[in-house]
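Read through the structures below before going on.
In what follows, chain A forms one complex with chain B and a second complex with chain C.
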Partner chain A sequence: MREEINSSKWHRPVIVGCMKESSLSNRKLRYPTTLGYWALPTFERDRDREMVREVSESCIDSLLTEMVACYSNRFYANKPELAARRIEAIGYQVGHQLSERYTMERPRFSDHLEAIKFICKDFWSELFKKQIDNLKTNHRGTFVLQDNKFRWLARMSVDPSADNVEDNSSPTAENKAAQAMSMHLYFPCGIIRGALSNLGIPCTVSADISSLPACVYLSFLYSNEF
Partner chain B sequence: MAPVAPRSGDAIFANVERVNAELFTLTYGAIVRQLLTDLEEVEEVNKQLDQMGYNIGIRLVDEFLAKSNVSRCVDFRETTDVIAKVGFKMFLGVTASVTNWDADGTCCSIVLEDNPLVDFVELPDTCQGLYYCNILSGVIRGALDMVSMKTEVTWIRDVLRGDDVFELQVKLLKQVPEEYPYKDDE
Partner chain C sequence: MIVCVAVVGHQNNPLYIQSFTEADDALKLHHIVHCSLDVVDERVNNPKKSGPMLNETFLGLLYPIENYKVYGYLTNTKVKFILVSTDLDVKDADVRNFFRRFHAAYVDAVSNPFHVPGKKITSRTFAERVSTIVRSFGLSSAG
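Entry: the complex of A and B
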């Protein structure tokens, strides 16, 4: 609490790393009616006063690597689909909370495309200091976000024996590399799903790597019914 | 090659790639939450966080040595000082202090006033036994293990449990003599 009130850059002390779901949703319910409700420093004032807090990139890199290793090698070594679900759930939680913070002093998005553009521009910039490079849609509820230099995979090395994708000489090594890689993609997928669902767009998100480490496609679809 | 001067924690932190700390804090929070759901026992979560920290520490020490140019520490006193002043600064962007030395110089406390891991965090009543930052003690233990120091790292004070600062007790258990795989004269 102390910390939040002193250094919070935001109107409300929301978002808690380890807190009961109920208290989160209680606060959320108050949100639409809270103009001036929380007598806390405003976003602008605080941003002027202090820089956004940062940590070394290695911190998040090693945390993610270790989290993925923990779930996919230790807890669920033989059940990759369960490991994937857990990793995605962690991402979902993070995305949900981050989008709550980053949309705090914005007007409501008028349509889904607005929200998706927000993810591609502002949200992505906060996370990776760059925007999504390309956004495509089939106008039927599927969007494809393309990041040409996805930071979290940029320093990942692939098993050298799996280098020759063309001749398929070592399918096992290749599979292994691909599987390890895909485990690392569930987390960002979860982040996007969490962020969008917080913006009122329930969807499914999947990722695809075409040419590593250059390019990652994150595609997601939502039903048109909403 | 001429010896390179050690760099200060601030200088390194200014030069490394940095990311927004919220992402880090919330990711860590989400991991702890997920572990609590999956493992159910708070004790188990503490153990797992420590293990994760250890695994991170044994890798992070390489980056630390590569970037900081520190030379060999003469004693444990200097080692903990470097951890507090350079190590914490270059990774988390905060500085810690070292106090409470015992008489023979093998046990001390690292005191952390500011800790990015716990921004936004409150522990619910059900998690009172949780050492939320246990990953940090694991990191220190793992990193020191890689430089031949077996240590025991325990939490003495924790802001989340109502104390005013974070205090980690680092106890040197034994210093493993290095075994050189190469000849003396090389």
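Entry: the complex of A and C
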């Protein structure tokens, strides 16, 4: 499931960004933002200039897996609910800050749909290098965002040396994989929720992974307008 | 010359306010900034009046008062930036440029993982950066 990088010393997963930018892989993700911010000491950032910093995509993948592993196996090993909520809260803060930056040079959104469209197009391509594949709404405050190849799950696989070799019943294994997978989705859910609420749309976001690697995000808005 | 700049959160809570005058008129400037919030609300709720500037982040001259001119800027996240200036003939492009840099400084400040969203910005780096931007205001057009 997850790669064990020498993680024993990382108490706060957010500090992973200390590693030199884009040194690990040649697949680069343009990441001029919060995560990139953590990656660099203040004096190194370009002042008053468009910040284009790159963070290796595999760094982000490792960060995500490590964060999930940390919270669900170490800090809150017995309380998966609590771990999920903590991971979601981290995502919320990241999304909050990212939305501040990515909406910097654009006109104000006139309504909620425009903000959602921004999330689907620009925000998504900044984070995942692609746009959302399908957006549905019931015009009553529920939006369904579908990504047919969710990037953060694309390179994920179930650990073949699983601890329960004797128990080969596939439904259980599948169930376990799905459960582990869904832990990794709280972070992106939090990001989306943070971004939306910073844009003035309080909501809840949940993810559905019944057809991997496709990923479906549901967001319910709480608003009087709908 | 810029005499006062302010960042106001989406619930009209002050996030950062700083005056740049020698005299002891901080209270008056704060009052001016406070009054300008109503003008910002009015601009946003009646967009017809602003005509071609529909949905632009830069709100332009909010109102002139005494010897001051007050400019406003509203981000997508409903954070307001207010600028109080004593210059009478300010170029629009200068003000836009100022707000763009000010906004960039703000975004960097709130991206700090130790900053609590919705609380006052206490970062010394941010304060220094803002005063640099304020000092360089209008210099670009002179050259």
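Here, the second predicted complex is superposed on the first by the 148 of 226 C-alpha atoms of A that agree within 3 Å, B and C clash if a C-alpha of one lies under 4 Å from a C-alpha of the other, contacts with A are read in each partner's own complex, and residues count from 1 in each chain.
Note that in this section contacts are C-beta pairs under 8 Å (C-beta built on N, C-alpha and C of every residue); 3 or more make two chains touch, one makes a residue touch a chain.
These figures come from a predicted structure and were not determined experimentally.
*Asks:* Pick one for A:Arg101: touches chain B only (first), chain C only (second), both, or neither.
*Replies:* both
*Asks:* Touch test for A:Gly200: chain B only (first), chain C only (second), both, or neither?
*Replies:* A:Gly200: touches chain C, not chain B.
*Asks:* Per the overlay, which chain contacts more chain A residues, chain B or chain C?
*Replies:* B
*Asks:* Where does A:Gln93 make contact in the superposed view: on chain B (first), on chain C (second), on both, or on neither?
*Replies:* both
*Asks:* Per the contact definition in the header, classify A:Ser110: touching chain B only (first), chain C only (second), both, or neither.
*Replies:* Only chain C; A:Ser110 stays clear of chain B.
*Asks:* Please write out, lowest number first, the residues of chain A touched by both chain B and chain C across the two complexes.
*Replies:* On chain A, the overlap between the chain B and chain C contacts is residues 93, 97, 101.
*Asks:* Quick one: which bits of chain B touch chain A in the complex? Just the residue numbers, please.
*Replies:* Residues 13, 16-34, 36, 38, 48, 51-52, 55-56, 59-60, 63, 90-93, 116, 118-124, 127, 130, 132, 135.
*Asks:* Flag every residue of chain C that touches chain A in the complex, lowest number first.
*Replies:* That would be residues 10, 55-57, 74-78, 100-101, 103-105, 107-108, 110-113, 117, 125, 129, 133 of chain C.
*Asks:* Across the complex, what residues on chain A touch chain B?
*Replies:* Of all residues in chain A, those touching chain B are 1, 3-4, 7, 13, 15-20, 52-60, 62-64, 66-67, 69-70, 75, 86, 89-91, 93-94, 97-98, 101, 126-127, 129.
*Asks:* Show me the residue ranges of chain A that touch chain C in the complex, using the header's touch definition.
*Replies:* Per the touch definition, chain A meets chain C at residues 14, 33-34, 37-38, 42, 45, 47-48, 93, 96-97, 99-101, 103-110, 115, 198-200.
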